[in-house]
Amino acid sequence: MAIDRPDVRGREAILKVHIKGVKIGPDVDLGKVAALTPGFVGADLANLINEAALLSARRNKNSVDMSEFQDAIDRIIGGLEKKNRMMNEKEKRIVAYHESGHALVAMSVPTADPVNKVSIIPRGIAALGYTQQLPTEDRYLMTREELLDRLCVLLGGRVAEEIIFKDISTGAQNDLQRATDIARSMVTEYGMSEKLGLVTYTREKRPLFLDTGIAPSKEYSEETAQEIDAEVSRLMEESHERVRRILTEKRGQLELISQTLLEKETILGDELKALLAGEAAEGKDSSTVSG
Amino acid sequence: MAIDRPDVRGREAILKVHIKGVKIGPDVDLGKVAALTPGFVGADLANLINEAALLSARRNKNSVDMSEFQDAIDRIIGGLEKKNRMMNEKEKRIVAYHESGHALVAMSVPTADPVNKVSIIPRGIAALGYTQQLPTEDRYLMTREELLDRLCVLLGGRVAEEIIFKDISTGAQNDLQRATDIARSMVTEYGMSEKLGLVTYTREKRPLFLDTGIAPSKEYSEETAQEIDAEVSRLMEESHERVRRILTEKRGQLELISQTLLEKETILGDELKALLAGEAAEGKDSSTVSG
Amino acid sequence: MAIDRPDVRGREAILKVHIKGVKIGPDVDLGKVAALTPGFVGADLANLINEAALLSARRNKNSVDMSEFQDAIDRIIGGLEKKNRMMNEKEKRIVAYHESGHALVAMSVPTADPVNKVSIIPRGIAALGYTQQLPTEDRYLMTREELLDRLCVLLGGRVAEEIIFKDISTGAQNDLQRATDIARSMVTEYGMSEKLGLVTYTREKRPLFLDTGIAPSKEYSEETAQEIDAEVSRLMEESHERVRRILTEKRGQLELISQTLLEKETILGDELKALLAGEAAEGKDSSTVSG
Amino acid sequence: MAIDRPDVRGREAILKVHIKGVKIGPDVDLGKVAALTPGFVGADLANLINEAALLSARRNKNSVDMSEFQDAIDRIIGGLEKKNRMMNEKEKRIVAYHESGHALVAMSVPTADPVNKVSIIPRGIAALGYTQQLPTEDRYLMTREELLDRLCVLLGGRVAEEIIFKDISTGAQNDLQRATDIARSMVTEYGMSEKLGLVTYTREKRPLFLDTGIAPSKEYSEETAQEIDAEVSRLMEESHERVRRILTEKRGQLELISQTLLEKETILGDELKALLAGEAAEGKDSSTVSG
Amino acid sequence: MAIDRPDVRGREAILKVHIKGVKIGPDVDLGKVAALTPGFVGADLANLINEAALLSARRNKNSVDMSEFQDAIDRIIGGLEKKNRMMNEKEKRIVAYHESGHALVAMSVPTADPVNKVSIIPRGIAALGYTQQLPTEDRYLMTREELLDRLCVLLGGRVAEEIIFKDISTGAQNDLQRATDIARSMVTEYGMSEKLGLVTYTREKRPLFLDTGIAPSKEYSEETAQEIDAEVSRLMEESHERVRRILTEKRGQLELISQTLLEKETILGDELKALLAGEAAEGKDSSTVSG
Amino acid sequence: MAIDRPDVRGREAILKVHIKGVKIGPDVDLGKVAALTPGFVGADLANLINEAALLSARRNKNSVDMSEFQDAIDRIIGGLEKKNRMMNEKEKRIVAYHESGHALVAMSVPTADPVNKVSIIPRGIAALGYTQQLPTEDRYLMTREELLDRLCVLLGGRVAEEIIFKDISTGAQNDLQRATDIARSMVTEYGMSEKLGLVTYTREKRPLFLDTGIAPSKEYSEETAQEIDAEVSRLMEESHERVRRILTEKRGQLELISQTLLEKETILGDELKALLAGEAAEGKDSSTVSG
């Protein structure tokens, strides 16, 4: 139930970080490992290295070679296939509406990247479904508006559950954490909260090589911490409200995408547009909704 | 006095975590160790590795081999048998009512997994009895309702003690900790508290490989910490009240299960249903009680 | 001036913890070391290992062998004998009344284990006297009432000093710390405070193998910390009051036990009962006093 | 989008810090590495060492030799060229106005060093553009006025975005952090806040050799922390206001520099003066604006 | 300006603690080192080991042998002799009155050990003078009254300075720290504050072997911390007042002892008694003053 | 811009501290290194060791030998000469008035050591000028009055800048930190604040050998921390006011010393006295000003 997964370069970069301290064999090419693991997120890649190292230890080898990486990848992907067979019907429905929520919000806010694929086939380790947005280009800057739109796309899954099931699930955990991270960065790093102004309250970033894993103590006062929390909450609440408005207005489209997903499991971007165009021809809730 | 123990795969995963830093011999298969330790929880498995390492050190070996694991398992299980012989009558009664409380709540809330076995035979190291619920399927998502029901099952043991003995024991410690964990996760990770909203306040999860065992400092303010505490308390109190209502209404069934347990030591799921059906034929408190 | 010392199994377990990181010889059997150190508490055993390691270093050995353990034990016990010869009369009187306080409270509260021996002969390193209660059986559960009774027995020594000398001594330090630990656990781990409810506020227990010796940061708010402190204080004050009431009522018995101790240095359980029975035949304050 | 990059000596000094713990070959001359990396900032150099070490590991070498440094430099610079080709038009416009804001403020405050070059060609890893001020001399002291002017130059980029786009971007993150550092140092280290007086509240500076990477705990009270935060905020807000005033008054010049930058990508100091002189001949907003 | 220095056994124990991690030669006998360093306090002994290790390193030895300890002792004692020659007259007067204050309070409070020697000859590294009380016996318990009297003796030096010079010096630093430690222990460890009651608020004592040098985080609330501070302050203030009263009443004796000290440099216990007896024959302020 | 630099013995002691963990060759004599580095402060010496170690690493040596120390010293002193040539006129004027402020306050407060030399020639790494006071004797005690006078001398440089330039510079950073340290020690270690009384609030001093570089957590409450901050601020403000009064009254002398310094770069103590005597013959502001 995640969006915005790292591409092959991103995966290689993540592998480089996690491989530190692990002795790897001369035949290991992290770029190739990255190529073999589409859909894996950071935690999946860390787990992969973990598994490969355990296999190597069990085989009494001095280093982790490509064969261990290959076997660990097979093992993890095998687990995923099993996972998919074993989700129950209720869970599949939740996943379908959740992903549809992501996709529909992505199509409704002005600056989101186009949706390339929505799927309820598990990917990576943690994701039970995914919404893939096609970045038409690498981005080097994000404006305030773009960050807020991205935050709303992240909340789309949870809000769809709220509206449809009147109950909510643990499936949004990662989405909520990433949305909170965006909101917190806007307030403490990017100077995007009028209340807090241009002052930054970031923890000092140390280069990776020197990272000791010990969190530096907060430099700011408790009062400032309260203001930061209040601003982060405000950003999250306003976005929550905005996403609720979008998905309530477009509930018909939400149902349509979800039902189609439950039938086909995967919808490509063009199919999605066609689907909504057909629906829109009959209704009127397909317009873009700005915050 | 615990419910929800890890299965063989879970035990293997836990062993992998705790084995880090321990040099094991080439004949050690953690999967096999997991198979030999049904009923062990995380702390039991950590203790097992501990014991095996001590044995290996005493034998002047350079690695911990399968023979040490085997001996350590025997030793621990021997201790358990002794423990069971030595519990006094009062303790056995407390354990019986405690487990009956778990089982009866599990049968009374709408979403709990069916009870497979209730027993007052010690299992693992820490548990003096156990209530085994049969997961009819692996679960990948939990809804808010399901989490609250699970929390209530965990409180069932303590509340049974309250009602029957007017005194309470230390036996609920692990249950209370796990219930608190669920409540706290609902508030800080799953966005399931209306008061706190969708903001997450989790500590950053690091992948296992990088885990340094040092807790990152809290990122949020004292005021937020108070709101989190208040919400966690509210969830716990409401569940406490709900479980009290369930067990007070069904006190007859609670007595019946407990007495049967004291006689037979173990009751299987079907026997339990039959027992309550018989009782229900005579009374009227067997209906499912929702929160 | 301590009660409730670890038995031989407990001592072996404690030795296992403290021996980590110390290279011991193949002839060292921690079970035997435990058998040679009756009356030693945790700190004594840590000190013992410390002494043995220093001896080994001084002898230029690569490991700490059984001979070092033996010599270190002799040395420590020699120190104790000297200590006993050197206590002054005032100190001996304080110790006698202190131990009598423990013993008399143990005989007065409903759930305390029977007193097996009271002595003003030093034992272990830190204790100037001791009151030994005979656990008639191993205990796997403690009820709220039992914990409070145990807490009162711990306070018995200090309160006897208060009543008799109108001055108080440092001798109760360990008792007070252990009583505080019980009260704090009741409030934060066992859900035994109505004010705090069933929520647990324990620090995460890590298995020994992974213990890094670094305290995790508090997870709860300052307001909660204040409530915990207040509840712990309340439990301690109520128990203080109760013990005061017991010992004031039975002051005659307190004097009798203390005088006998100063004469005989050690009183066995049966002698103690006979002593009080004789006294009771003449007075009327021997009834059990409940909280 | 950064100003004030380290010169070749500064880069060598930074390399020395980050190389600690890395085994380098006898042919590595950090001075030469510094010479090969113009425009790299601290994080870039840390990353460079990281990359070189990874290359060395992949090549199974025991040390990181000059060839790895050379290849890592090529790789990073290659990435930069690609980055420049891939920025979209909107991003390029933001970068152009951002750099123009830095440059125009630098030309408007009394004590700033003269602008030597403004460019929207990426430099180092993190910077999408840069404004280079020519330090006509090394500085050993900075007065309060000079620090405030430098702070304003740092804010110039963000404020230009505010004025032109009504939206703001993440591109100012590093600028804001450095401006906050200046403001915080003025208050806590240089005794330049009347409110806080001459008292310093710095963390103890340890020499690099002893640096353990663990932040010392704050020595001052929460109340003092609040006063520090308030003073830092005040300095930042007043500077924000001042920069806003400067760039609003000189909006014509801001547009002119930005348009020229979008055409030519780089403007040298003399060209910049000529450009504004031409504009000034037609308007009247070229006067220096003091705070 | 210190009282209560460790005896030879105490010094050996301290050496054992500080020697950890230092490789010493087979000829080193810490008991002998302790015998060679009368008057050294803990910091002096740590410094001694430090010096010896540096000498060993300079001599390219693999271990610190007895010759290095001998040389380091000579060096330190040489420094002390030089120090004594170099104190100026004003400093000598301050030291004389300071030590006289300690001695006179020790002779005035009911439970203090008798004064054996007062001296203004430096001893150890840090002490410019000393007051030696003769412990007529080892003590295993201290009552509340005894602790308060000891605290007052520690404050005697500073208060004498206050009364005589109307200015105060840094010479009381160690006395004040030790007095504060006593007051804090009374409140947090010995249950001797009525306000805080019998609850202990000590940090967990870890055995030396496991000591990681990392302070465990406070377990109690800020409110409790305030109450502890207030009680410690109260104990210190009341003792300050009491000592002021004693020394003001006995100012004649204070002058007499100080003048004698400046003449003779050292006064033995019997001489001191004779001195005051002579004075008392003429005045009336020699009575013991209780708190 | 510093006063009170370590002498050759002090430099050797500092070198000993920083050399820990660095493998030095048999020909290295830290006493000789100390003799070669007059004017170096602690940070300079740490930097020197750093440089020498880097040179050794570059030369592929296993230890840092005397030749590296020699080269590192030359390199650092070379940098200083260059620094002096490169200070601009404004900076030189600031330094001149700053040092004159130190010197004039030192000559105006009753207990300060006589000024031996004032100079605007850089010394050590960090100092752009220096005021050398001749300690006519080693001091073992400092009274409250002496500490306050020393604090005022430290503030003299900054206050001179305030009065003359109406702007202030970063050059006082080290002075302010040391003045704050004195004020804080008076309040928390020397019992010299009436408000805080005789209680000490120092962090536990560990002997150097055991120093782990980890700051122990504060033992006192937030309220106490506020009182400490307030007292430190009060001492600093009162001293600030006093120094302002001194230098305002003697502004003529301040100008005279500064102008002379700008001409001659260095003024010896006798020349300084003669200079002011000449001036005093014509005016009347040369009297000592007490606080």
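A few remarks follow.
The chains carry the letters A, B, C, D, E and F, assigned in the order they are written, with residues numbered from 1 in each.
Here is the rule we go by: a contact is a pair of C-beta atoms (placed from the backbone, for glycine too) under 8 Å apart; a residue touches a chain by one contact, two chains touch by 3 or more.
Bear in mind the structure is a predicted one, so any value in this text is a computation, not a measurement.
Think of each touching pair as a link: the shortest run of links from subunit A to subunit F has 2 of them. Relative to the C-alpha centre of subunit E, the farthest chain centre belongs to A.
Centroid distances from subunit B, each centroid being the mean of CA atoms, peak for F.
Interface note: subunit D and subunit F, two copies of one sequence, contact each other through mostly non-matching residue numbers (shared numbers fall below half of all numbers used).
For this pair, subunit C with subunit F, the centres built from the Cα atoms lie 54 Å apart.
A separation of 31 Å divides the Cα centre of subunit A from that of subunit D.
Averaging C-alpha coordinates per chain places the centre of subunit A 63 Å away from that of subunit E. In subunit A, the residues that touch at least two other chains are 214, 217, 222.
Contacts between chains close into a ring here, every chain touching precisely two others. The assembly's chains link up in one ring whose order, counted from subunit D toward subunit F, is D, F, E, C, B, A.
Across the complex, subunit A is touched by residues 18, 21-22, 42-43, 46-47, 49-50, 53-54, 57-58, 60, 83, 86-88, 91, 94-95, 128, 155, 158, 165, 167-173, 176-177, 179-180, 183-184, 213-215, 217-218, 222, 225-226, 228-229, 232-233, 236-237, 240 of subunit D. Residues of subunit B touching subunit A in their complex: 16, 24, 26, 29, 137-145, 147, 189-192, 197-200, 202, 205-210, 212, 214, 216-217, 219-224.
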